[in-house]
Amino acid sequence: MSGENWQVFMTFGFFIILLSVCGLYCLLVTRNLIRAIIGLELLFKAVTLLIIVVGYVTGRNALTQAIVITVIVIEVVVAAVAGGIALRVFRHTNGLDARELKKLRG
Amino acid sequence: MPSLLIFIPLFGIVILNLPFGKAMRNAAFWFALAVFIVQIVLAITHQPIFWGNEIEQMDAFFRVNFSVDQLSFVMLLCIGLVSLTSLLVMRDTIFDINERFKFINLLMLASMGMSGIVMVTDIFTMYIFLEITAIASFILIAFEKDVYALEGAFKYMVLSALASVLILAATAILLLGAGSASFTAIADAIHRTDNNLIAVAMGLFVCGLLIKGGMVPFHGWLPDAYGAASPAVSVLLAGIVTKAAGIYTLIRALNSILGFDANIKALLLALGTISILVGAFAAIGQKDFKRMLAYSSISQTGYIVLGFGCATPLAIAGAVFHLFNHSIFKSLLFVNSAAVETRLGSTDMDRAGGLAQKMPITGFTSVIGALSAAGIPPLSGFWSKIIIVVALWQAGHTWYAATAIMASIITLAYLLAMQRKVFFGKLALGLEDIEEARLGIRAASVMLAAIIIGFGVLFPSAYAIFIAPIGEMFIK
Amino acid sequence: MTINHISIDTALLVVMMIAALWTVMGRSLLKAAIGLAVTSAIITILMFRLDSPLAAVFELSVCAGLMTVVFVSTISLTRPLAHKEIVELSRERHKRFGYLPLLLILVAVVLTFVKIRNNIAAPPAVGASIDVRQVMWNMRPLDMFGQIIIIIIGALGVVVLFEERKKDEW
Amino acid sequence: MMSSVLLALTIPFAASGVVLIIPNKPRALKEMLSLLAAFATLALSLSFYGRPASASFDWAGFGINLSFRVYNFSALLVIATSFFAAMLLMYSCVFMRGRENTKLFYSLILMSVGFVNGGLLADNLICLLFFWEALLFTTYGMIAIGKTNAFKTATKAFIIVGIGDIFMVVGAAICYNLAGTLRISELHIDSIGLGALAFVLLMIGALAKTGSMPFHSWIPDAATDAPLPFMAFAPASLDKVLGIYFLTRISLDIFRLHQESWASYTLMTIGGATIILAVMMALIQKDYKKLLSYHAISQAGYMILGIGSATPAGIVGGIFHMINNALYKSGLFLTAGSMEKQAGTTDLEKLGGMATRMPVTFACFVIMALSISGTPPFNGFFSKELIYDAAIERGTVFYLAAIAGSFLTAASFLKLGHAAFLGKASEIRPNIKEPPIIMLVPMIVITAACVLLGLRSAIPIRLILPVLNGYISAQEPLTDFAPNLSLIAITLVVLTCALLNHILGVIRTGSGLKAVDHIHYAPLLHSIYDKAEKGIFDPYNIGTGLVKIFSVGAAWCDKAIDRVYGSLIPTAAETVSFAIRKIHNGSYKTYILWSLAALFLVIIVMFNGLK
């Protein structure tokens, strides 16, 4: 791979890792279920960007764009279903506190 | 024509959902039943007209590229059997016609996703089918809509999404070297390049699959999801979903994509052993029937992964056979738990007792299931475990083999404790008028018990037909 | 792409990180949802700059648009927290989320020490200019069917999870 | 011939399956069927002798074959097994009447016969292990059928024997690694290094099956909880047959034990200790079945001592003793069964004066008791003499242990016989009379066999001698063993002493059962006995000090071993289980953290590679 492309890949890679750390931190620290889902979305964003960068540096934009479109569809469906579950939880516990979801243990 | 396994149910679901009134909703059950039975029959007979490449028009029409080998056949058989079981259990646990209809749709979609997983030849398409199965599963878990089910579903969703991210990241990095997402291209790229990044991608990929498969320490979601789901869903999840999504994909990835890398083998051996032990020990003290079975499931999956980590043809054949056996006996035990749950209203083992007197079929089949899980001759579970252990010796992994055998005793201990608490001993107070489970559950448990006994007794021929060819697949 | 291009990209990436930080550390849920949309929008620009226009359009319309709608509607369906609760929460939040920038700097420092050899090379592409639509419809039709199935599942999921039932007690 | 080898397995298995599925009534149907199967197996096994054969079937592939081999030794033992099975089934037909689960019991007995035959005939370690393990489950099942407490006992037996089996499995694995084959007839390994470890592991397996110390503690428990025919069947005969068979195979064929090896001394020490400790425990039992069960352990010590001595006399004596023991021990258990059936109890304090009411049973008991004590001219005498012969050749200590065991055995049987059959007639149940003829026939047949094997002891010894082929070099002539007159004299003196001791005790206390109480409640020992359950030991007036140390040691060993199996292992497992359940705290964040930690580790490992 040419040095220039490699540099692009490395630069993007650096920020992609930072973005996923952001998402993971959000997922782990928050006590709100919707915010946890937002953390997951950040992770998905990071990985989408990674796929596009790979497409760019290998010159296979067509393939990676096709992949990314599918990933985006999946992402939305996951977010919708997760939101639905959070909504249900809200209806049962009257709150979105992740600490409520500790009844199953042991 | 393997694509028909995906498209016929898909079109069926679309048509069933058209607004044609109640008749469609009643037909859904029979349609699903027919689809699953046809899948079982085709997987057993290896019908060349259906699977063969002579009649390509269908696949060519849809421009899909499926490939089916021995391993896929075993998996398709499991998928058909467990989905059928789940359907039969559903018949006796969900009675509202609209609920039933939605459930059947989701069940067929999940089953379709799994059939896709075992037939694809492209890493990204595999990911899509994984996602189909996963999303359908967590909707199914949340189907119950009590707060426990929601909790289980949410945990599964979070961990599963994390796994998706890992798998996608790995796919992206592998694309960097391969330029195409097909198995062959990626295998070629891995073979060609010696780079840290690619190695890390392999690690990410395997970790993603291990989360889906619920191996220790990636297993946190599994007991909650299995335990909280409604009976029919537990059967499906424990029997096949995690196996198809995590374990089958793992062996496919190792064999067709990543190759048996030394580091990954060491990783799998270690994780397999830890899973066996943690699962078994955690199962000992459980008070809830389903939760105990869930931990037991982790432990049994450990055996399978241990077999993969050993990576000799015999070990992999044994592991795949154990995968099949596990699908059958764990489904059977979950069907038994469903029988208890429908009659007792809960799966708390302390509340049950002496149920075998009132529910003889459930009691008897649960003994068969438990003994097969513990690896007792001549039931089929024994053969797969012994093959794995023998293969481990032959490969020189004596300590792993010894651990595997020791854990087998723990398995027997907790399963016997369960038997004593739930089915034998004195009849618990207030259970005098309890009845045997309904027809669907009974039929499912008898069918699965018959398979366990049949495979155990006819092991040599079953071995020759199903298992040995898988071992041969891996001889390089 | 010249060095100049890379610096523009880097600047955009830094902005993206700031948006992400705002998303995570912001006080209200609504702001977090909007922050996510902003992050998404910046990623759209990056995708556009990386010669992936179709994906960029999808990202913009679906992720920045549709997803925000999903989140905002979910947030509005769940009861907003009382004001007092928010104040208490935000005090706590500072403690818990204050470490994120530190963590990010730490990870960044560690990453600068990681060296990866540049010996990965994909085999040269066969047909130089294959269109996205061609890839999607001719080469990867199974993905399209997968999307259809996923959307059906999503629809079913929304029906199952969002529907009101008399049985629910609240 | 190939198919007939398999028949020794398939007949019992098929019968077992059929018995399980046929309807409960008429009762005679299942009884007839199981008897028929047992006698058919016996007839078949008789045809095996002197006709070596082998059969092999492709089984699991990858070098694991289902291979069988008939040669004189295994054929002899298959005959013995089938004989016992036939006798005991006949006995059970009456004994088990009116009890629950009889169908399952018959089925399990037949299945065990199949498994034991399989184990004896197997010529492949994996194959042998398979049958060996399978026997574990039939044992479990048969104990669990018994009284309410039986489940716990069954679990205990299962754990103890299971642990032995695990060692054996590992041992077999090492053997395979060293020799590259799993065929027993081709396995020859030197007992040094890993080979030594393999020997120890396999030996532990064999000893655990035989029921020697320290793997014995389930047998006395089973005596009270399990159905009686099981006791006569498994611990008294089949377990010994299979365990000693395997011990002989590993000592003679696989590892070629030689006299000066550490292994030989280990075996002899275990044998000697088992004889003494178990018989001490037997001495003070106040229950017919429990007393016999401790003897079942003690007698195993003689066999192990004999085989461990690695001398021709010892090996032949050990095997001969195994057959003899199986005969008289199962016979004695049958007399206990008659007592239980007719008198309704086996508590020695309640029994008494049965000799006049059950004369046939009494006669059988006397002959077999004389036999087990080693009185000429019964079979036990001849095998014991051979073992003494070997023991004195290898070291006086072992001989002393053996002869002391003989003394205590005689003393305890004098006590047992006196308490149960003589003395004041107790009136626990009116009209106690002989059991039905079908129960008497097996007893009489077994007693007759004891007498016959004693009077014609040369015949069995000649049948056993070929076992040594290949072990003892051809130069040494293999003839009958000449009797050692001085040893015989000592034996007779010791037996007389035992008799005198008993008479002395009876005169002092006036009761056969309490003949030993003066030692029992001696001021020095009183507190120890009180502590170690009411009257566990009954040492005699000679060498009180020495006996005391031994007794305490034996009681302590027994308890400690019991504790390891009964509470230490389960407690450890529960603690680990509790800890594991505790860390599953229900928060998905914890689970994500675990995953991330593992992921991080994997990334580091994959990035740098395992060096």
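A few remarks follow.
Labels for the chains are A, B, C and D, by order of writing; each one numbers its residues from 1.
Keep in mind that, in the parts below, contacts are C-beta pairs under 8 Å (C-beta built on N, C-alpha and C of every residue); 3 or more make two chains touch, one makes a residue touch a chain.
Small disclaimer: the values here were computed from a predicted structure and weren't measured.
Among the remaining chains, those touching chain B and also chain C are A.
Separation of chain A from chain B in touch steps, taking the shortest path, is 1. Across the two interfaces under comparison, B-D and A-D, the one joined by more C-beta contacts turns out to be B-D.
Look at where the CA atoms of chain B average out and do the same for chain D: the two points lie 44 Å apart. The geometric centre of chain C is 71 Å away from that of chain D, both derived from CA atoms. If you average the CA atoms of chain A and of chain D, the two centres end up 65 Å from each other. Note: centroid distance chain A to chain C, computed from Cα atoms, is 6 Å. Within chain C, the positions touching two or more other chains are listed as 116, 120-122, 125, 140, 143, 146-147, 150, 153-154, 157, 160-161, 168. Shared interface positions of chain B, defined as residues touching 2 or more other chains, are 124, 128, 131, 135, 139, 142, 145, 154-155, 158, 162, 175-176, 179, 196, 223-224, 285-286. Residue positions of chain D with contacts to 2 or more other chains are 581, 584, 586, 588, 592.
Chain contact topology: the protein chains form a pattern that is neither a line, a ring, a star nor a complete graph.
Pairwise chain contacts in this structure: A-B, A-C, A-D, B-C, B-D. Contact residues on chain C toward chain B in their complex (touch as defined above): 116-117, 119-123, 125, 138, 140-143, 145-150, 152-154, 156-157, 159-161, 165, 167-168.
Those residues of chain B lying in contact with chain C across their complex are 6-7, 10, 13-14, 62-65, 102, 105-106, 109, 112-113, 116, 120, 122, 124-125, 128-129, 131-132, 135-136, 139, 142-143, 145, 175-179, 185, 189, 193-198. The touching residues of chain B, counted against chain A in their complex, run 124, 128, 131, 135, 138-139, 142, 145-148, 150-155, 157-158, 161-162, 164-165, 168-169, 171-173, 175-176, 179-181, 223-224, 227-228, 285-286, 291.
Within the complex formed with chain D, the residues of chain B that make contact are 154-155, 158-159, 162, 166, 196, 199-200, 202-204, 206-207, 211, 217-221, 223-224, 262-263, 266-267, 278, 281-286, 314, 376-378, 383, 386-387, 389-391, 393-394, 396, 398, 401-402, 405-406, 409-410, 413, 416, 420, 459-460, 463, 468, 471. Interface residues of chain A facing chain D in the complex, by the touch rule stated above, are 24, 27-28, 98-99, 101-106.
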